[in-house]
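One chain, chain A, appears in both complexes that follow, with chain B as partner in the first and chain C in the second.
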Partner chain A sequence: MENSGASQHRILTAREAGYVGCRMCGRANPVGAHVCTRCGSKLPTNGRAGLQPVWAWLIAGLIAYIPANLWPMLRTSVFGRTQESTIIGGVVELVEYGSYGVAFIVFLASVMIPIAKFIAIAYLAITLEGRTRLSTHDRMKLYEVVEFIGRWSMIDVFVVAILTALVQLDFAVAINPGIAAASFALSVAFTMLAAQSFDPRLIWDGPQKAGHYGKSGTKS
Partner chain B sequence: MDSSSSLIVCPECDALHYDQDIPADSIGRCMRCGTVLAAQHAGAMTRITMLALAALVLMVAAIFFPFLDLRSHGLEHRASILDAILAFSRGPMIMLSIAVAVLIVALPVLRLLALVYVFAPMALGWHPARHAKAAFRFAEQVKPWSMAEIFIIGVAVALVKVAGIAKVEIGPAFWALAALVLITVLKDTFMCRFTVWKTLARRNTGS
Partner chain C sequence: MSDTEEPTPRPAELQVLPPSRSAWRNLSLVWLVPIAALIISLALAWQSWSQRGVQIEIVFSSAEGVNAGETALRFREVVIGSVERINFTDDLANVVVTARVNNEIAPFLDESATFWVVRPEVSARGITGLGTVLSGVYIAGAWDDDRGTPRTRFEGLERPPLAAPGRLGRRITLRASDGVGLGAGAPVLFRGVEVGSLETPRLTQAGDAVLIDAFVESPHDQRISSATRFWDTSGFSVAIGTQGVSLEVDSLAALLAGGVAFDNVFEGGEPVPDDRVFDVFPNEPAARRARLSSRGYGGVRLSVAFGDTISGLRPGAAVQFGGLEVGEVSSLSAVVLDPERAPGDLELIANITVDPVLLGLPSDADTAATLDFLETAIASGLRARLATSGFLSDRLTVELASVPDAPDASLDRDAQPAPRIPSVEVDLPDFSATAEGVLTRITELPIEALMEQAIRTLASIEGFAADPALRDAPGAAVDLFEAARDVVTGPDAIALPGELRGIAADIRGMIADLREDQALANLSIALANAAEASADFAVAAQQTPALVDDLRDLAAQAEALEADKLIRTAQAFLESAEAIVGAEEAQDLVPGLNATLEELRATLAELRDGGLIANANAAMQSAADAADSVATAADTLPSVTQRIDNLVVETEALVASYSAQSDFNTETLTALREITAAARAMSQLAREIQRSPNSLIFGR
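The block that comes next holds the complex of A and B.
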């Protein structure tokens, strides 16, 4: 598409031109608008969503992730003998069965992705002010990956639900959920909310002018 | 209409663009970050309506038909998606039961209904239904929380875990859900959010 800026080498942003872009429908609303005139979505007060909800959800997700790893995810009873397994324990069991591929998927979804997400969101929020090693484009890509991949961590919660529903053969074999299933589900939901409340336009705004409309109309 | 309606703002990087009409079956990207800003597919509204209706039918099949069939030590147990939802309903884990129900059934079904409500009148060339904007906003906001495709992968993992202690067969509901996932992916590739909003706004004013 064609940019509205006069020069080919400088990209004019909606903020510089005195508009607030709607992230839902792309409409250029006048500065000061609270509700988008095209789609009716709420617009953030300064034209950008703040970082407070991002940090709040991220910390909540981190707190919920601790018991999710310490407490059992599954309780398996075979002929009256009950065995409890944590997230990591479940991965180890899969490796012992020789199901390396599935073990890797579960490890990726339940351990690698959540931890990488905590680090990535914190990194994106911290590096808004000041210099960074990653370019703007790279940080944008990082944000897209985080937003896309976060929901896939829910796999293990569904595995627990399916196993509990399926494996109920009276006394012989029964599988029941552990408390970690609930705290893990909460942790995934909270980090999804953290990623969703992050406004990627802050990455492109650069460090100097977070939250102000001081320059509207002065550049062409 | 004022001049700002001929502009379009990139939702990811805030770059301002002139909103141009693009040729059929092509896409327009943001000059700065490459995000897709416009896409034209011939007959998109009709296709989305048909696919959403098909997905609703498959959803009903997926929920009520048996999903997996487990045999071990001479005992047999069948489970439907409904059973998976009710799995946590005993005791303090009921919240988790509700969460699973919301993520794999309630939200996908509500999202499909909202899409049919928005797109069916448009496909027929009528004015948008009342509250069509609110319905489409809901459908878009709910999208990341609608997790049928993640559930399918969960089933695959569960099958491997159970293989050691019992024999498991896949029931018809599994295939219904797999087809539903494919249809959802297909439907979302036809749908360009910004184009839908512009069409809704244009038809509402009657021009």
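The block that comes next holds the complex of A and C.
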């Protein structure tokens, strides 16, 4: 795939020229340098960030995502009657009340997007080996979408935080965050870190070189 | 690893990889994050798993208001768990509520544990569980502080238990003829103080009575002894007695919800066993009268056969021994003596129950000991006989009394249905006819004697009036005047001052006028003048103030001039005058006074001629007529007596109609039941509202 795209415009990459770009400041450092000569940030030994952090953050995010769905997200007490609702439970409740739009938004932000992110990051990490139907460009776009959309998953956590802060009317109505709110926030943070630690240049390096540079990643 | 910018070609460097760089060395530190997340998640999961508590099942007949995942389990109003799910028993007869209870509490859930659903309740005694209207119902539990064998399945109670396990007090069983007014939760009162409560009444096996469990809190439970009697305080009582009609209502709550009260009716009650059943008497007087704490319990059953009629003897009548109630008549029956020879010859049997303790036997005396005692007593003349229970009453009691000359008899231990005490007949003629007995008593009242006395009194009045001595009264006055004249004409009377003489002359002049006019009216004016004059007289003769006063009185009374009064006043005046005249100073009265008296006497004589005595006689005659009328009236007394009889009979019927089974009572009870039903409906309404508050808003 990459060959077909590259064959049209043959470009000399920095890597082929024996340089490695700093992800912080963009300076091209000679391959083998441990520290960026301009900004002093650490450079990956192989010239490319490994896949290990990606997988680590991703798995951490997945682990945090399980309690986020099992435990209650909100604890609402109305006149002493306490009700705990999980994410899915809340969505079901909204559907029962007929608020399909809100239910869809919650479902999208809290369930679909996180799961899609997990799948997308895992897909990107796995397809570095080459067996893929998406072009390099599409994968790059996918990566950017994932990185962009990641922060929006925090909308749930914000809603909980705002409700908790505003709705504290003692006995009448009180809303408190459940343990799932923290787990969900952690899960979102972990997946964002996973997306961030993914080095998009690995996509461009192509399958033949990914085996060399992503050696540590393949081990996990 | 990679080549540097060297101008001169050199042999390619060997790619050397560090041999020690194992797979583990390649691992990034980032892996600590998922590991930590995993550990934390697992720890949380394990914690919640281990702390989720013990699962228990509580079986209720209805899970009204209980929601899975929402309804809390509380112990002393502290949440100790929550309901997880609700299902049915296999036969769909009951609801199984599955709940989780905290691990710390679970060991205490042994067989002492009870659970019930707390709902809002509106009753005559108040409103309870109001908080659950908003927060929803919860399941409350109670258990003692012993760690018994933990159980996981419990039978839920329909109502809060009478006494929470672990509460100090005593559980007793009461027996009542019916459960009206003895609803669950009704109070047990001791001198008006609530010391316990009742549970739901239940029928006995035979269905002839109602058993109610009651709980009396410590320390009041120590008051319960063999001397304790319970009575029903529900409703109200109307009593018609010698003090009039009295209506007693304890409290509105007692009126609607009922309740029982108890007291110790005599001193020295013994502790009673736990299985003792106490009877609930219909009212306090009945409870205080009853010596037997409980029919059929603690008493010795005996029977007495009576040859003559026992009408008036009723179940519940007292059995007296030496004037003290020792038991009561439990039932009455009739037995055919000899069916073959005389089919109509009945023997009337009263079954009685006697408390050995009240007979004076030790408290542990059993039936045999009591019978031994009675056997000895009967050998020495103890017999049963009927006796009246009081004045104006046709009720009979059974009296155990010593009859000295009774024929020989003995205790028949084998008699059916109970050992038989020999009886003696007593001549009680007015037993059989109730009305007759009452009327006899009324006719025996000393009405005739009273009337006779009245007639005699009137007769003596008449006799007094006709007494000749009374007619001689004016003569006596003449004598008096003469005596007075004797005194006045005494030598000392000369010494009276001149002024007094003048006054006397005035009086004489006035009386002369009086005589001239021949009218009594003028006497009034004359006496008024006399009164004026007597003022001077008083100044002149201070030694005679009483005389002056009497003169004034005379003048005053003359205003209202009536002949007899005038005479009486004049007489009094003359008496006073005599007294004064008798005094030393009066000796000095002038002869003018003498003349005055002379005139007075003349006046009196005229008055007498005027027919005073005749009038008095006429007055006496009319008094005699009056007495005759009274005598005539007395003749009609028998019919009055008859009416009183009728009245008594009617009163009796009235009193009887207020007894237990009368229409009035029934209607009152019906009314009260309707009030209770209304209260229940209110309670149901409150429950309904609590169950679905929306119905208030949306209607239904």
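One rule holds in what follows: the second predicted complex is superposed on the first by the 192 of 220 C-alpha atoms of A that agree within 3 Å, B and C clash if a C-alpha of one lies under 4 Å from a C-alpha of the other, contacts with A are read in each partner's own complex, and residues count from 1 in each chain.
In this section, a residue touches a chain if its C-beta (ideal position, glycine included) is under 8 Å from a C-beta of that chain, and two chains touch if they have at least 3 such contacts.
Since the model is a prediction, treat every value here as computed from it, not as a measurement.
Following the overlay on chain A, a side-by-side fit with no clash is recorded for the pair chain B and chain C. In the overlay built on the shared chain, the residue A:Y97 is in contact with chain B alone; chain C does not reach it. Of the two partner chains, chain C is the only one that A:S197 touches; chain B does not reach it. By the touch criterion defined above, A:R81 lies against chain C but remains apart from chain B after alignment on the C-alpha atoms of chain A. Which of chain B and chain C touches more residues of chain A is settled by the count: it is B. In the superposition on chain A, contact is made by A:A14 with chain B only, not with chain C. When the shared chain is aligned, chain B comes close enough to touch A:M154, but chain C does not. In the superposition on chain A, contact is made by A:A182 with chain B only, not with chain C. Of the two partner chains placed by superposition, only chain B is touched by A:L166; chain C is not. When the shared chain is aligned, chain C comes close enough to touch A:I59, but chain B does not. Here the smallest spacing between CA atoms of chain B and those of chain C, following superposition, is 12 Å. Counting contacts as defined above, chain A residues 179 meet chain B in one complex and chain C in the other. In the complex of the two chains, the chain B residues touching chain A come out as 4-5, 7-20, 28-33, 37-38, 68, 70, 72-73, 75, 77, 79, 83-88, 93, 95-96, 99-100, 103-104, 133-134, 136-137, 140, 144-145, 147, 150-151, 153-158, 160-166, 168, 193-194, 197-198, 200-201. Across the interface of their complex, chain C is touched by residues 18, 31-32, 50, 52-53, 56-57, 59-60, 63-64, 66-67, 79-84, 179, 186, 190, 197, 216, 219 of chain A. On the side of chain C, the complex with chain A involves touching residues 1-2, 23, 26-28, 30-31, 33-34, 36-38, 41, 44-45, 69-70, 131, 134-136. Here chain A touches chain B in the complex through residues 1-5, 11-17, 19, 21-30, 38-41, 78, 90, 93-94, 97, 99, 102, 105-106, 137, 140, 144, 147, 150-152, 154-159, 161-170, 172-173, 177, 179, 181-182, 185, 189, 192, 196, 200-201, 203-205, going by the rule given at the top.
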